[in-house]
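Next come the structures, one after another.
Heads up, the next two complexes both have chain A, just with different partners, chain B and then chain C.
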Partner chain A sequence: MNATAILAAVGTMAAIAAILGGVLGWVATRLRSDPDALVEQIDALLPQTQCAQCRYPGCRPYAEAIANGEADIDRCPPGGETTVRALAALLDREPRPVDPQYGATQPPRVALIDEDRCIGCALCLPACPVDAIVGAQRLMHTVIAAQCTGCELCLAPCPVDCIAMVERAGDQPGRAAA
Partner chain B sequence: MKLRGLRLDSHTSRPLERPIRVVPPPATLVLALDQGSGADALPMVRPGEAVRVGSAVAAASGAAAAVHSPVSGIVREIAARPTSRGASRCIVIDNDGRDDPMATAAPIDWRAMDGSALIECIAAAGTAGLGGAAFPTATKLALARAAGAELLLLNGAECEPWICCDAALMRERAADVVLGAQVMLAAAGAQRCVVAIEDDKPEAIAAVEAAVRAATDARIEVRVLPALFPLGAEGPLVAAVTGREVPHDGWPPQVGVVCQNVGTAAAVARLVQDDRPVMSRVLTVTGSGVQQPANVEACIGTPVGQLVAACGGYTGECARRIAGGSLTGRSIEGDDVPVTKGMNCVLLASDADLPSRGPARPCIRCGDCAAVCPAGLLPQQLHVAARSDDSAALARFGLSACIECGCCDYVCPSAIPLTARFRAARERQHLADLERRRAIEARARYERHQRRLAEQAEAERQAFDTARRRARGADPGDR
Partner chain C sequence: MTDLLLLAIGASLVNNFVLTQFLGLCPFVGVSRRFEAAAGMALATLFVLTLASGASYAVWHWILEPLGLEYLRTLVFILLIAAVVQVTEMLVRASSPLLHELLGVFLPLITTNCAVLGVALLSLERQHGLVESLVFGAAAAAGFGLALLAFAGLRERLETADVPAAFRGTPLALITAGLMALAFMGFGGLVAR
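So, the complex of A and B:
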């Protein structure tokens, strides 16, 4: 009698454990956190200048590095404090100032080609990560200001140093605040 | 239906004592590309070019209507000048005083034209909302036509306590208002028209009623509304007349209504009578800072100083210049700010006209602002969210539905400049959105760039492989 009761109790417990275990296992495979989703979320907060000041070759690689825990959130000078705060909120970390070793936060700037000095070498065209420079061999080049992110990556390849960084013209609606 | 708003003391009796006086065109006109709608028209003239009366000097673009020169003369420059919206690029024209017209003025046979041709005609004349928003009238009419709006609502509910230019216009040019209404009914394809006028303007009501009777048009009716601020704003006015609520992110045509100012109607009437584009407007010059407060008709581009001179000059009490009314206007500096299509009033206020309310004190959460808000918002909650720049909370409490009427400022016992803070918060959000959009576009371009580089590398590798294989095939003894 007693033995049956014990067996029944053990059997019930084992059955419950097996069912719960099965459910948990299924849930774990079904709802696994997607690492790509986190990278996507981080990438969406970065300014997309693709300037590589963070020592990664673009915003998405940096987002991957943050997601993997390789890099901290303080490496983005163009994003500045706003970006660090947004990242800190997303990743539940303490916000901190941008590490000055990666560059200083500046007002937004765009590249401007001095068209009189441009020799049409086309070296800056592939350097632009967002294809914002138009031109061709031995023809004058120009920067589409609205699409320039101010990454400065076109400065180094220019053999005649005819590209300068200038402050971005004010956005239209800023005027309405005056 | 219960109307929300404030009963304010009116200050319009002095300017209304005199008829509208015409200000002569100034020696130099400043035509702002942004006539008050927040968007720039596209300049079509170069410095040094000669223009005539009625020449189009800037073309319509988005929310900006075309701009025409009210005088003949030479374009001096296109440069940033102070305007009622801070600073805007302006076309500066030196008036040669000859008033050479573009063509002889001839009436337009509008009864024979169909709606879309009329709308094109109205667009070409640079007609813009003269109530203050300066939004292109043709765009609004086209939207209404596309949406099949049944009601044309003419806004004569001028609710700001200092402004009376629409009242003066309705008194003196009621026939123009009614003719403009008929033209816009045809353009928008609407079936009926309501002219909404507040009950503190009995002369204007009588004049418009008489003009409607004279025109014997059964589609047009005059509706008298209580004088309540801010009934002159589009959303509250539509709600008061029809009982329908305009979605805050939508347009009145969605509820079957198209709203136009009575001044705009009069401008449309002028267009069909004389084929004249919008080159002047009626505005109120008032306040204790000016000798003879009056309603004036001035060319677009006339500096404010000339308006004051035409009204007898300053009294010496002028402490603040405001473009627009005391509740929704914007402060302006100096006498050089030009008249724009959106400028309905220049208030030269003494300290007594607009007593300072002292520094802002902390919010005591009394809720008075929520009781008066015509948009049904909770300004006290918005205030907290704006202070911490919490965009999620600002969106939750409906910042985008704020019509910036200033009722909350008026009743706030702590004298908090709520509307100014909401305006600034909106501005910040707008800039952040722009930045966000820019980033999204940059990312797309970056991804395309990367993909192209990868494809090129792959193509080169394959070309190299094929070349090597061919070389091997041709010379098997290579190994």
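So, the complex of A and C:
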């Protein structure tokens, strides 16, 4: 095999690779302005409590709804004013107070299990969207405060109402802050 | 027209790439646990295979053959397939993040799905024209999809079946695949090629 043949082969491969690379780059730039990137950005601003107070199953579905224009930015009580302001800046809209119909904005709270009354039924475990409750059948349950998002979803399933929401102590870093 | 129809039946049923020629077994076993994922995989493969088959025809007849670089075909075809798969991945991620998550690593792995390269090389060997190449690629992918969806449906049912412990999981999946291959032998002799 002589040098010309090698050059022709290498040149052809390089040319084909360059053309394919160009096509890939073009497709990538065309798809970058897709709504998904926006969903990701909105999702990153939400508190990730997965509390569903916005009437969507979790933070990401709510982010998708905002991106599609189906929902306004005032539906997130756990995020409160901070989240609304960040969303308004991202989406170039007027900041507004959180709509009280979706729940009251309050200081960050965590669930606390009254361990004397807990019967160890384990019903609150599957309700927790972030697996912050430790426990098993007929064993005491407790809440890992650092993981708890204060979404209140564990209150309803408890048959003995032994879970209370208490204000998060100042020295406890919240999940959102971590 | 009849020729194309026969070609399509031949590539999808009689010489089914998965169950008769045993190409593309990796996604066949890997993505058949859930029906939705299997359906997505079948669609993505249909897209990739048809496009890759047409593209390799074009590159072969308009670049490699005139330049006398036939020996580069395997390398160039793999390059083409990788590029088409990348485009598909970007499209899937943009159109359905859920499907993207379901398919996971198996989407980029279409690159190494030997059925895709097999179709390109076989198509070349049989001296198909452009239209024939496209039909051959689409039919092969349809056959792959049919086998994959049937297999996924069977596996979903087997999940709830009471199976002896020794057969649970992969062994049963492989036995099922073998039985399906036997069943597909029934198509043998349906068309000449």
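As a convention for this text, the second predicted complex is superposed on the first by the 140 of 178 C-alpha atoms of A that agree within 3 Å, B and C clash if a C-alpha of one lies under 4 Å from a C-alpha of the other, contacts with A are read in each partner's own complex, and residues count from 1 in each chain.
Operating definition for what follows: contacts are C-beta pairs under 8 Å (C-beta built on N, C-alpha and C of every residue); 3 or more make two chains touch, one makes a residue touch a chain.
Keep in mind the model is a prediction, meaning the values are calculated, not measured.
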Partner chain(s) touched by A:A132 [first = chain B, second = chain C, both, neither]: first
Which of chain B and chain C A:A9 touches, first, second, both or neither: second
Partner chain(s) touched by A:A104 [first = chain B, second = chain C, both, neither]: neither
Touched partner set for A:A17, first chain B, second chain C, both or neither: second
Chain A residues touched - chain C or chain B, whichever exceeds: B
Which of chain B and chain C A:G58 touches, first, second, both or neither: first
Chain B versus chain C as contact partner of A:T149, first or second or both or neither: first
Overlap of chain C and chain B interfaces on chain A (superposed complexes): none
Chain C contact footprint on chain A (complex, rising order): 8-9, 12-13, 16-17, 20, 23-24, 27-28, 31, 34, 36
Touching residues on chain C, where the partner in the complex is chain A: 59, 63-64, 67, 69, 72, 75-76, 79-80, 83, 86-87, 90-91, 93-94, 97
Interfacial residue positions of chain A with respect to chain B in the complex: 43, 46-50, 58-60, 126, 128-132, 147, 149, 171-178
Partner chain A, residues of chain B touching it in the complex: 34, 38-40, 85-88, 423-424, 427, 430-431, 434-435, 438-443, 445-446, 448-450, 453
